[in-house]
Amino acid sequence: MTNEIVYDATVGRPLLDDAKMSMRGVNVFYADKQAIHSVDLDIGKNQVIALIGPSGCGKSTFLRSLNRMNDTIDICRVEGHLMLEGQDIYDPKLDVVPLRARVGMVFQKPNPFPKSIYDNVAYGPRIHGLASRRIDLDEIVESSLQKAGLWNEVKDRLHAPGTGLSGGQQQRLCIARTIAVSPEVILMDEPCSALDPIATAKVEELIAELSQNITIAIVTHSMQQAARVSERTAYFHMGHLVEVNDTEKVFTNPEHPLTEAYITGRFG
Amino acid sequence: MTNEIVYDATVGRPLLDDAKMSMRGVNVFYADKQAIHSVDLDIGKNQVIALIGPSGCGKSTFLRSLNRMNDTIDICRVEGHLMLEGQDIYDPKLDVVPLRARVGMVFQKPNPFPKSIYDNVAYGPRIHGLASRRIDLDEIVESSLQKAGLWNEVKDRLHAPGTGLSGGQQQRLCIARTIAVSPEVILMDEPCSALDPIATAKVEELIAELSQNITIAIVTHSMQQAARVSERTAYFHMGHLVEVNDTEKVFTNPEHPLTEAYITGRFG
Amino acid sequence: MKTIDLVNKNLAKRYRKEKLFRAYGLASIGFGLLCLVLLFSDIIGKGYKAFVQTNIQIEVNFDAGYLGITDTTNTEQMFAANFEGLVKKSLREMFLIKKRSDKRLAYSLVSTDSGYQLHDLLVANPAWLGTTKKVWLLADDDLDTYYKSVDNLNGAFTGRMQEQQLVWIKNLLDNDALQLQFNMNFFNLGDSTEPELAGIRAALMGSLFTLMVTMVLSFPVGVAAAIYLEEYAPRNRFTDIIEVNINNLAAVPSIIFGLLGAAIFLGFFGMHRSLPLVGGLVLTLMTLPTIIITSRAAIKAVPPSIREAAMSIGASKMQVVLHHVLPLAMPGMLTGAIIGLAQALGETAPLLLIGMVAFIVDIPSGVTDPATALPVQIYLWSDRPERSFAELTSAAIMVLLGVLIVMNALAVLLRKKLERRW
Amino acid sequence: MDKLHLDQHISKQFNADLEELKTQMLEMGGVVEQQIIDAVKAIETADGALADKVLRVENDVDNREMKLDEHCTLILARRQPAASDLRMVLAVAKTNRDLERMGDEAHKIAKMAIALNEQGGAPGGYTELRHIGSGVQKMVNMALDAFARYDVEAALQVVQEDKNIDREYESAMREMMTYMMEDPRSIKRVMNVIWALRSLERIGDHARNVAEHIIYLVKGLDVRHVSVSEVEKQLNGS
Amino acid sequence: MDKLHLDQHISKQFNADLEELKTQMLEMGGVVEQQIIDAVKAIETADGALADKVLRVENDVDNREMKLDEHCTLILARRQPAASDLRMVLAVAKTNRDLERMGDEAHKIAKMAIALNEQGGAPGGYTELRHIGSGVQKMVNMALDAFARYDVEAALQVVQEDKNIDREYESAMREMMTYMMEDPRSIKRVMNVIWALRSLERIGDHARNVAEHIIYLVKGLDVRHVSVSEVEKQLNGS
Amino acid sequence: MSIPTLLALLVAAIAMAFVAGRNRSQAVSSATGRGQRGLNSLPFYYGMLTALWCGTPALLLLLGWLVFDDTVVRLIIIDGFPEAQRQLPEETINLLMSTVENIASGSYPDGQQEAYLQHAAEQLQALRNISRQLLALVLFCTTMIGTTIGWMKISPQYRARVKVETAFKWVLMACSMIAILTTVGIILSVIFESIHFFKQIPITEFLFGTHWSPQVAIREDQVGSSGAFGAVPLFVGTLLISFIAMSVAIPVGLMSAIYLSEYAGPTFRTWVKPALEILAGIPTVVYGFFAVVTVAPFIKDSFAPMLGLDASSESALAAGLVMGVMIIPFVSSLSDDVINAVPQSLRDGSLGLGATRSETIKLVVFPAALPGIVGGVLLAVSRAIGETMIVVMAAGLSANLTINPMESVTTVTVQIVTLLVGDQEFDSAKTLSAFALGLMLFIVTLALNFYALYVVRKYSEQYE
């Protein structure tokens, strides 16, 4: 069934009017191997978009090209136009450091620095020189932790090590750390796959709240999670973006047979 | 809400008439810390029982005490009566080697030996001296791989390394390896948590088939998985067995409020 | 037959094999430990006596006239005075010697250094001039050897003592004029052909300077190289070569580095032989791979997730390295460095080839003074025929091992202290 | 165990979703209830305008039904509810359909009111209409109230009430027959009253259905096609 | 894209579950269809025994409804279906209720048949009964068939057919009125025919509902409360 | 000014440049009105960049100066020598120069040397003083100019961080080049001298000759008398001793590692493992001493007679045994690493099937670890072959071609040491033969290491 189907055009509604990030004709290669094939996609401002698809379909690769984390992989090459509010992020003249401050990232495994909770959150503001006085820094730390819904749990032990928190708390700490530099976009690569269901629920909750003024792109292996947290869902298949639609649509009545097959567990 | 609720007695139907394994008053300690509190539970013959519960509630600990894999942890101590077909498996006179041949185990991360596929499956029969002639061994290997639904995928490369298979195939290989010594019970500790959805579906499929003549106890973090694969579900909470019931009942109308809270994602 | 019956049938045989296998393992460890104990007890047994020395008590008349000294503060007079003659005279008087042949025997009971000892005593006690004092003088090594073994051997052992000397010694013993005293010379002096005057100070200082050079050069360079290779270098043919190269260098026999030093530093650059500087350079080249490798391992042990975390909030490469990687890897790097240096400290072969195997009496005072090193000193002494030198060698080994143990303990402590497992 | 904690999920979004679902349903229930009241009143008072209003509301109810159904589907697709949450969604979905049917029947009653208005009233049956109408309306109100409070007792009462309504319907029906036989010219008009009565009876049935859904929701018991006494036994047993 | 591949899940168990669900539903459909045929035949031929048979089957249908509903709930709880699977389960759950209602109406028809048998037949209306009866029966058959084959075209036909049935029902109803007015003594018996007709009309409605569920299942479109032409437009549009 | 003083001043200048740069960037940024956010980089980087501008040219200059300083001065001095002296051969001039040096440093009493030498010595002193002063001046200018350039470049848009990072990267890269240079150095030094050697002695004779006696040379200018250079006895001796060592080390090391990692309890492990590792930390010279004074006599006096054999006092056995003991921890800790790298999950898998511990070890852990263990053993072999001090002290010098462990043999490393210790002429075949031996040793150990590391690396990738 899968074989006869063409997927070189994306069905659904990949393009938007109020896009925060716009990708056009994105190809990503690992050495000679093409991992992403001409993807066109807009990410709406202050929306949550979920990227789903079978293992190895290129979700992470695509996500990581959005803040040039792919730069760290020597053999990785990105083609096409990737724009953040109209600015090409692969412009050779562009400095990745401020880009990454604007487009933050949260990873699969919680990765707090082996420092105190305070220093974890304060790190970003420090390196970017966002707070000149200690009191400003304190404020940034507090508000970031507040936004990450962690303040009440940690306010009495800001100087305890961040690695001493539970997995779910660590992940929220990582989110707080990312928020601290006031990013406009946050990329999340399977942020809950190392967490138990309860911690997962809390992080999902957080995502919903953050999306009020941050654009979020989340890669997830759990279709249910995509269904729960996102407003739009993009389905990738072997490096192709097969379908993008409102999440409701994708989970009740997807347009593309491949999406349907994936959503309903019909691959083999 | 959680605090007021007592859970020192198990609601539901922990005991059965046709039990393969019967546990009575099981306590497990790690040094001074009690990880399992007086659990009474029967595991029905050729049934799939799922053990669910929040992280750290003692699922793995309980499971591993069923074939004395806990013996490998020095500080671990098991109390109570654990019977396999009426025989106390913690009887000091009992030998763990044949016990483990009868009660096999499959682990979270697929762990094929770095040998050929054939040797992986033949390992158990060889150490136990189950096949005197090569041809018998071949037969055991083939039938085990058949039962694990892997034969068609690997029959042309039986002498390729087992580690070269995909994650899902590796896990099925591990299951085949376990089946090869004709165990009566198989314990599975989150067997799919390292697999992608498709591989997971295949392993679940396999579990359903095996349960026709093998008793299976499976620990899982995914309530959905428990719902899909098991006939009975046991819910653990902080080392206590809170509820055991038919899976249908647990997932549509659990008796204990804690079970309900866990199933519906209401912990916090 | 049911599976389980088959299993039970073979069980006894399997358990027998299990026991046997375990016994092999235990025996191996036993053997290793036995060797260790043997080695240590052997060295200590041989060497502990070197820390004391036999002294002889002699009655000396500091006759101002004989010595020609009027003012003990006058260095020229003191220098010119014949203290050696005084020692001999005192010996003759003490043993009431007439025969010429006996004189030589008597003289050889005390160290050749005795004249200087008297000189120093007089400098320290000017009031002694003109008086007769009983003073303790260093015994000769032959007497030393004899005296140290006299208890054990009940007189059967004579060493290189002559009949006549044995009589005198008996006499001395009766007068309590023989005594063991702490061997200061061993720690204060440089090499000497006379065992009782040989010390490890020069070698120790030589080792210290060599090690300093090694440390100053190898640690920063090694860490920098490790950072480059782990964090910056692109994965290509060239860095692969560097990597393979370093791993190979770490396993290249140390003597090859000696050859390198001999050919390049001595032959090509024309540096002087026997310098701690050259030794340090050679040992640097030798330890560098080790330090790079341990540093790389320490860097590798920093989880990549930390780097990603820092990078994803906009830390630059250098910030990632300096703020995160380096602090986390530092304990490992330091431990690696100390262990590398400990290795360098025990190294002998390359130093032989660059001439740090000289006979050094003077204590070196800098990296450009000719020097030897402690292990080389051990090697040199182990070749000397005198029995006392065997003792000294063992003692030097004890010192060397002591230093090494301290260094390794330091490494362990450091790791424990710095390694904050958050 | 009797309490449902539908507002205690870790996911506030889920809480909100479920809350919203219930509110939507109760709102729709309110609209339908009003429809029923209006329709009965219209037929009693021969108020054509009121009947017209009932007709007009019909569309709104249909839309609400479709929206609520979609919402249920979405929750099923997005949240994969289990246990009480699942029962909640299913109960709402089923109640939804019952409410819509009630609306339909109210619509029919209103139509009959208009017809009666035009034809000039029936010889009788208004008392019965009023009586059964108020009974049914009470049932509907009680059922919705029970749903709002997850009140199994109240739901049981609704179930019992339905039996009374059925009895009264039977006797009213006999009465109507008599009217028709007595005065064949009134057949057409009496038929309208009959249809209205019939609709009221159906509304009562649907209210009973809603009550059954509540019991399912709260207790997890399926009490359809089960006699009232049997239901009570089951409830006490559980 | 038009095909549903409900038998292509990786999980064979899931395939089997869905297949079983469908089979159960179609079986129940078959039972109900037979009920309808029998009931209509019983009323036509005044066959009391046949009517009795229909009454007896009622219990079976109720049980089937409850079991099918439970099965749907279980699939929702155990499998968390999405997309077409979810639509399938929901469509089955809804169709289930429609089928049960059809069974109820058949039951009612059978009761009327018994009453008519006892009272000695109505003055007329049998032609209409037969006619509408066969039409409705055809609709039900077609709807079930369409479900079995996921055939949207056929479902659309069912929807259209319902309009015809409604028209015929109206005219039959008028005819019945005439009969009653002509011969008031026959009122009781004609009323029985009327109730039977009315039931048939409801069965037709339910068949239409089933057809709508099929369209929802296959196309993901909710076409309830939408006119036939509108439905066709939507289908072609999608 | 002395070099240390200069260095100290330079450091101070760099620090000042840093502060100046940082302050200026802050001033510039507050002028933009956007505070620190108006700057491209943090002030720290502007400071660093200014410091780099200040320090780098100065340091390079200093280095160059120190390297060429002496050469230049020397040329000037020699230029001042009378014509006759300037024509003298190179060596003589060197001799003269050192005399001048000595006079200058006051080692010779005044007036005892020829006038031109006296003069040259004075000139030397003067030149050196001038050189130092000039250096100080030039350095001062360079730092000032550099600082100014750096300072001028500071503007809010200036991408200081990027520049600093580039500089940082270059420094790191330079450091990593040293490893390559070392290898190149080794290869060059060994190969050049070896080529010289092979010009005198045919390579075939060296590789296949069975007689080794480089000491026979009586007079260096005597043609063809530079002894016999057939290295086969050396190779055989090396292999014999290594073989003895490995037959002790492999079984003992491996079994210890297995016992420690698979059977031993945590307490046993914490005490015994470091104890065994002490063996690895003991300098080889100590082992050598132990071999000579304890083991060799024991073998000669007790062990060999017990077997009815006759042992040389410098038997291969003594050296081999002691070397084996030395290598035990090497083998055991490498094997331990490798065995520990075998994931616990494999053991669980095997135990879960009902295997006993030893079965698990023999059938799962050991085969899984085998490639790594082989790699480790090869590294140990390479180490045995290259081991020097034990054999220098405990093995003999006589190049016997034998495989009798009771006899005395010599090894490649022993010969290298004996040939090179003491003053040597770099062009005699005797000295050069040491380099040829070194070349052999290097090639063999390199090949072993190369292969072993390859195996180990491949193995470790398996469980990543």
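Annotations
Note that the chains are named A, B, C, D, E and F in the order they appear, and that numbering of residues resets to 1 at the start of each chain.
The rule is simple: contacts are C-beta pairs under 8 Å (C-beta built on N, C-alpha and C of every residue); 3 or more make two chains touch, one makes a residue touch a chain.
Computed from a predicted model, the values in this text were never measured in an experiment.
For the self-contact between chain A and chain B, the two sides draw on mostly identical residue numbers; the shared fraction is above half.
The chain with its CA mean position farthest from that of chain D is C. Looking at contacts between chains, the pair that accounts for the most C-beta pairs is C-F.
Taking the mean of all protein Cα atoms as the centre, the chain whose own Cα mean lies nearest is A. Distance between chain centres (mean CA atoms), chain A to chain F: 49 Å. Centre-to-centre spacing of chain A and chain B amounts to 35 Å, using the average Cα coordinate of each chain. Work out the mean CA point of chain B and of chain C, and you get 60 Å between them. Contact with two or more other chains is made by residues 97, 127, 198, 201-202, 223-224, 227, 251-252, 265, 267-268 of chain A. Looking at chain D, one finds that residues 9-11, 14, 73, 77, 80, 82-83, 86-87 touch two or more other chains. Contact with two or more other chains is made by residues 161, 354, 356, 359 of chain F. In this structure, the chains touch in the following pairs: A-B, A-C, A-D, A-E, A-F, B-C, B-D, B-E, B-F, C-F, D-E. The residues of chain E lying in touch with chain B in their complex are 9-14, 73-74, 77-80. Interface of chain E with chain A (complex): residues 1, 5, 8-11, 14, 80-87, 220. Residues 95, 97, 127, 129-130, 132 of chain A are the ones that touch chain F when the two sit in their complex.
If you check the complex, the residues on chain C that touch chain A are 234-236, 303, 305-316, 319, 323-324, 328, 420, 422. Taken in their complex, chain A has these residues touching chain B: 54-55, 196-198, 201-202, 221, 223-224, 265, 267-268.
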